[in-house]
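Okay, here's the structure, questions in a sec.
Chain nomenclature is as follows: A, B, C and D, assigned in order of appearance, with residue numbering initiated at 1 for each chain independently.
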Amino acid sequence: MTANKIKVGLIGAGFIGALHAKNLSRHPGIELAYVAEPNSDLGGKVAAEVGSKWIADPAEILSDSSVDAVWIASPASTHTDLIRRSIEANKAVFCEKPVGMDLVEVDALVDKYEDYGKPVFIGFNRRFDGSHARLKEIVESGAIGKVEMVSITSRDPNPPPVYYMKATPGGIFYDTIIHDLDIARWLLGEEPVEVYSTASCHLDNEVNPDREYDAATVTLKCASGAVCQITASRRAVYGYDQRIEVFGSKGMVQSENHGQSNVKLYQQDSIKQDPLQNFFIDRYATAYVSEIDTFVAACRGEKVDFPNLKDGREALFLSFEALKSARSDGPVRLG
Amino acid sequence: MTANKIKVGLIGAGFIGALHAKNLSRHPGIELAYVAEPNSDLGGKVAAEVGSKWIADPAEILSDSSVDAVWIASPASTHTDLIRRSIEANKAVFCEKPVGMDLVEVDALVDKYEDYGKPVFIGFNRRFDGSHARLKEIVESGAIGKVEMVSITSRDPNPPPVYYMKATPGGIFYDTIIHDLDIARWLLGEEPVEVYSTASCHLDNEVNPDREYDAATVTLKCASGAVCQITASRRAVYGYDQRIEVFGSKGMVQSENHGQSNVKLYQQDSIKQDPLQNFFIDRYATAYVSEIDTFVAACRGEKVDFPNLKDGREALFLSFEALKSARSDGPVRLG
Amino acid sequence: MTANKIKVGLIGAGFIGALHAKNLSRHPGIELAYVAEPNSDLGGKVAAEVGSKWIADPAEILSDSSVDAVWIASPASTHTDLIRRSIEANKAVFCEKPVGMDLVEVDALVDKYEDYGKPVFIGFNRRFDGSHARLKEIVESGAIGKVEMVSITSRDPNPPPVYYMKATPGGIFYDTIIHDLDIARWLLGEEPVEVYSTASCHLDNEVNPDREYDAATVTLKCASGAVCQITASRRAVYGYDQRIEVFGSKGMVQSENHGQSNVKLYQQDSIKQDPLQNFFIDRYATAYVSEIDTFVAACRGEKVDFPNLKDGREALFLSFEALKSARSDGPVRLG
Amino acid sequence: MTANKIKVGLIGAGFIGALHAKNLSRHPGIELAYVAEPNSDLGGKVAAEVGSKWIADPAEILSDSSVDAVWIASPASTHTDLIRRSIEANKAVFCEKPVGMDLVEVDALVDKYEDYGKPVFIGFNRRFDGSHARLKEIVESGAIGKVEMVSITSRDPNPPPVYYMKATPGGIFYDTIIHDLDIARWLLGEEPVEVYSTASCHLDNEVNPDREYDAATVTLKCASGAVCQITASRRAVYGYDQRIEVFGSKGMVQSENHGQSNVKLYQQDSIKQDPLQNFFIDRYATAYVSEIDTFVAACRGEKVDFPNLKDGREALFLSFEALKSARSDGPVRLG
């Protein structure tokens, strides 16, 4: 750490990588030294904007002993390997979800490095949304008593491109609902023992020609009787619908949606408000910054909570089991 | 009182009289014996519906010693005299606002009968709305500390008929805002020492050919520095807008509008709710019933709060002074 | 019908029977002639209050040819038989849910009388709540497009007495969730092909010594891919939680909870509102009256929608299948 | 403009100057070249943080011909002179409100430079709040018809320090309510012809030993009959209360408060939300950035709306007249 700043190398300068680059470069606790990206146009542009060095190969980051931390925002298929190499280079690690796509490899990584002394922080950004974090704080405070029911609504405004859906069959589970499964584990306070899913295909052929699942529900059961219900869709015409509700023995708490404004228009036939914030870039803009705050605190040895390697593994595992349930039309016993 | 029921004679079977007749006839604590109404068609119809005796002249109610209470819902010009005669006949009295239209007569009545031992209850129905009453309870509890500011929004969906506006020049003050002035006194906890009003004329010639005031504001100042702002209109296209807010040294409390439903519709361009309840018949339906509950309790000697003769006088007085201010374009010192 | 009023005989004067008695006696379209109730104290008291004749045996209602309609609010075990006898006596019928407790008998009744020419109206009161009815109207209007997901939250403030829970094992499904299953069918617009449930036992031994299910979830799947998720609890400390949400291809609509007031208190540490309406007596007070309005309209031959005998059968069937799923720990294929 | 960036010199590095420095330095359209501040510790620190050159005397900014714009955040007493000198140096100008404290000087400035070809942008930040701007857009769209009534609630969480209140007698009008007067003019669409104010002193001697006005109301009347009511306080224990409502012939629109989170906690006795955002730094954080966006657009010759020199003069004038009204206990005719 130079002058108390954490020196970071970013891997990946695609959409989400560029977003991280901007946030990292502005953060007072971070020095963003490298942007590693094989695509030179993309990498060069992003690096220039944030005043960092562009490199094609992340190996330079890993071998630079002055680098404190690696920030992984490359494609999912590269995650497990990059996490492993970063740990071997003794770096702190931030990695976008998922921790990988091959559960065997992921399990091997977790087994080997679960006790690694530096942060391995998996980017489940929703935990860092102000309202969701406040909900968690209230649950932790005991204000609603023992958690009995978690309800999560998670709807994207628009489906991903056709090629992307085709390349990731069942992706609604391991690409999108994986976030909700992480939230479920975070709030339930115990591991589910059974998962039951439904999956549907509602979108037009034009946007979903391969008839991929574009809507799904998941029910998680825990040994204590606590349950979580998730409902997800890849097309909510009214915007990005992100709600969490936790019901307990002493009360209930909701983290509600965020609108585009706080304006109400009263007319003869209705009272109107502006739509919800459109997508994660708007809704979770501050969450991405809070992730960095927490990562910096963790690197400095402060006691903070964040989703770690094990959490990354569990959410991935649950997403695969949920997909299995949807495909087999029956519940799957876990663990 | 027959069998613990309060025997009531109703005077007036117009719109509001018929509403009271229905509520009184259904109330378990009331026996509605008479409906007095000069118009025989009207009076006969209402009396038949509620199983009471129709009479043309209210004198029969006043001379029937078995009648416990007189319920006055006749035209405003008759109120002062009917209250006086009812008191002289030793009846409990309910009288729709206003207590009269001639302040000299009203003052004489108040002077003579302020200490009358039976209830003289003036029908400021808003005090009995569930939300407004809850607000008052919170203010009384001290939860917001010393009252510093009362804000009242009071908008009718539609103006009264042209003939009515013409017959009651400046009526927005003594017909409508008189309710708000009563609410102001109820919440301020002290009498205002100054009133300043504005009055405007916004409606089309078609509905307001005589260019009567159809919108107004009132500012009331108290000796402690507490202030009340009222805004009123005779045409809110979005429904009956009835809001009260009280700001104090330790907090603020609002009694908000009531919608026609609790339904929210999320569409691409907006989030929509149904409009507000349309008018006082809907919004204050339960308030009219609560008035009767309180009147019955008062007749039975229970300690309950209700707007009395003096309150009726003060609100009338303030409405006249507010009208004076609007006409003179300057504040009026009171008392 | 005497003087255009529908002459009704009420069967049952328990808690809900007494409520119906009061509403029926006040309804301008109804003449409540009889209150049949074996318990003479109870029956006599209720009949006196509403000015009807008390009888012990409902047979007198059925044999009185001037009676137009039978209103059944007796114990669930008597429903099927009383509906049958009422139909045989050529009466219109209102019957509280459920239509019975023995599906074989119920099926026989439905088979025989599905085409009966007079209304057989099953008391699923929630359909007649103003907000829920408005939600249904919006769904029917096409404003949210094709229905893809129905989410129902249904939580009672307090569990029933211990003796009642013991007498009705699994009753959370056929006593409470049966309402939600009716709402689900009403909104989905197609019959479910699979049901999956979870059931839990969270309450203390003191209030649930027999460890009956006191919380449950249900997932219903339809052939089109539409899904319904229900979450239910017998103890929500914050009041009667009754919400419905319908998500579709063009939008989403919610029927939200109803609070005890529309008051907001702003203090240093929080913004507070009064709790939800406590239970069905408050929340569905107007729904019980609307049921009568609709029943009267149906008796008069107007085209109105109401839950009929078949609807009563389907909701009962689904509640039994949902209970089966909870007990067997797996989904149940339907139909 | 270097490389399409607007080269800016900032004058003043106090609290609000430092805030602007941070925002300016991060803005892609701005090059923040200088921070002028007589206090070398303060100026040096802020300049270092944003990578600009610290200077003691703003003259260096004015004489640097490569500087495009001057950003004035120095004490109010210096504003008129600095605006004048900046215009004489042919710079674009941003100046925090007020435009000065001496109306004669301000009038002279306006007279001379009203037609100056470059932007002179007065920092009425509230116009740039997302919700307020959306409200304005709706008003402009005609959705509420002709504006008849503007209601503004403007309450600070805490009063300024004692020394500050003492140094600025009546400051609640020209320091705080000046913002609301600007909003009133912005929304009314016509100039007021009369102002009537009340002013009160509610705070304890400890925080207000000089018995300065700490609460006030203002009523503005326009020739058309449109009216604006403002209520202001220097102590709202529940947070920063910033609401605007506009009522018109065809509807009503509200810009409501912003809470600290979108979380709702349901417990036995209440439903709770987190308090409002505490003060302008939180509530108007994005407004300060939007100001820069608009300033940049204006400098580039785009057609955008912003509060100009004349607007600054009018709001100052109204604040002085409102104070006069409060002191004289009567309305003041304008213009």
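As a convention for this text, a contact is a pair of C-beta atoms (placed from the backbone, for glycine too) under 8 Å apart; a residue touches a chain by one contact, two chains touch by 3 or more.
This one's a predicted model, so the numbers in the text were calculated from it and none came from an experiment.
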Neighbouring chains common to chain A and chain D, by label: B, C
Selected interface, C-D versus B-C, where C-beta contact pairs are more numerous: B-C
Per Cα centroids, the chain farthest from chain C: D
Centre-of-Cα separation between chain C and chain B, whole angstrom: 39
Where chain C and chain D are represented by their mean Cα positions, the distance between them in whole Å: 57
Per-residue overlap in chain C, given as positions that touch at least 2 other chains: 237-238, 241, 250-252, 266-268, 274
Chain D to chain C touching residues, read off their complex: 237-239, 241, 259, 266-276
Chain D-touching residues of chain A, taken from the complex the two chains share: 26, 130-131, 134-135, 138, 143-144, 250-258, 260-268, 274
Complex contacts: residues of chain C adjacent to chain A: 146, 148-149, 151, 153, 155, 194, 196, 198, 200-202, 215, 217, 219, 221, 225-227, 229, 231, 233, 235-238, 241, 247, 249-252, 329-331
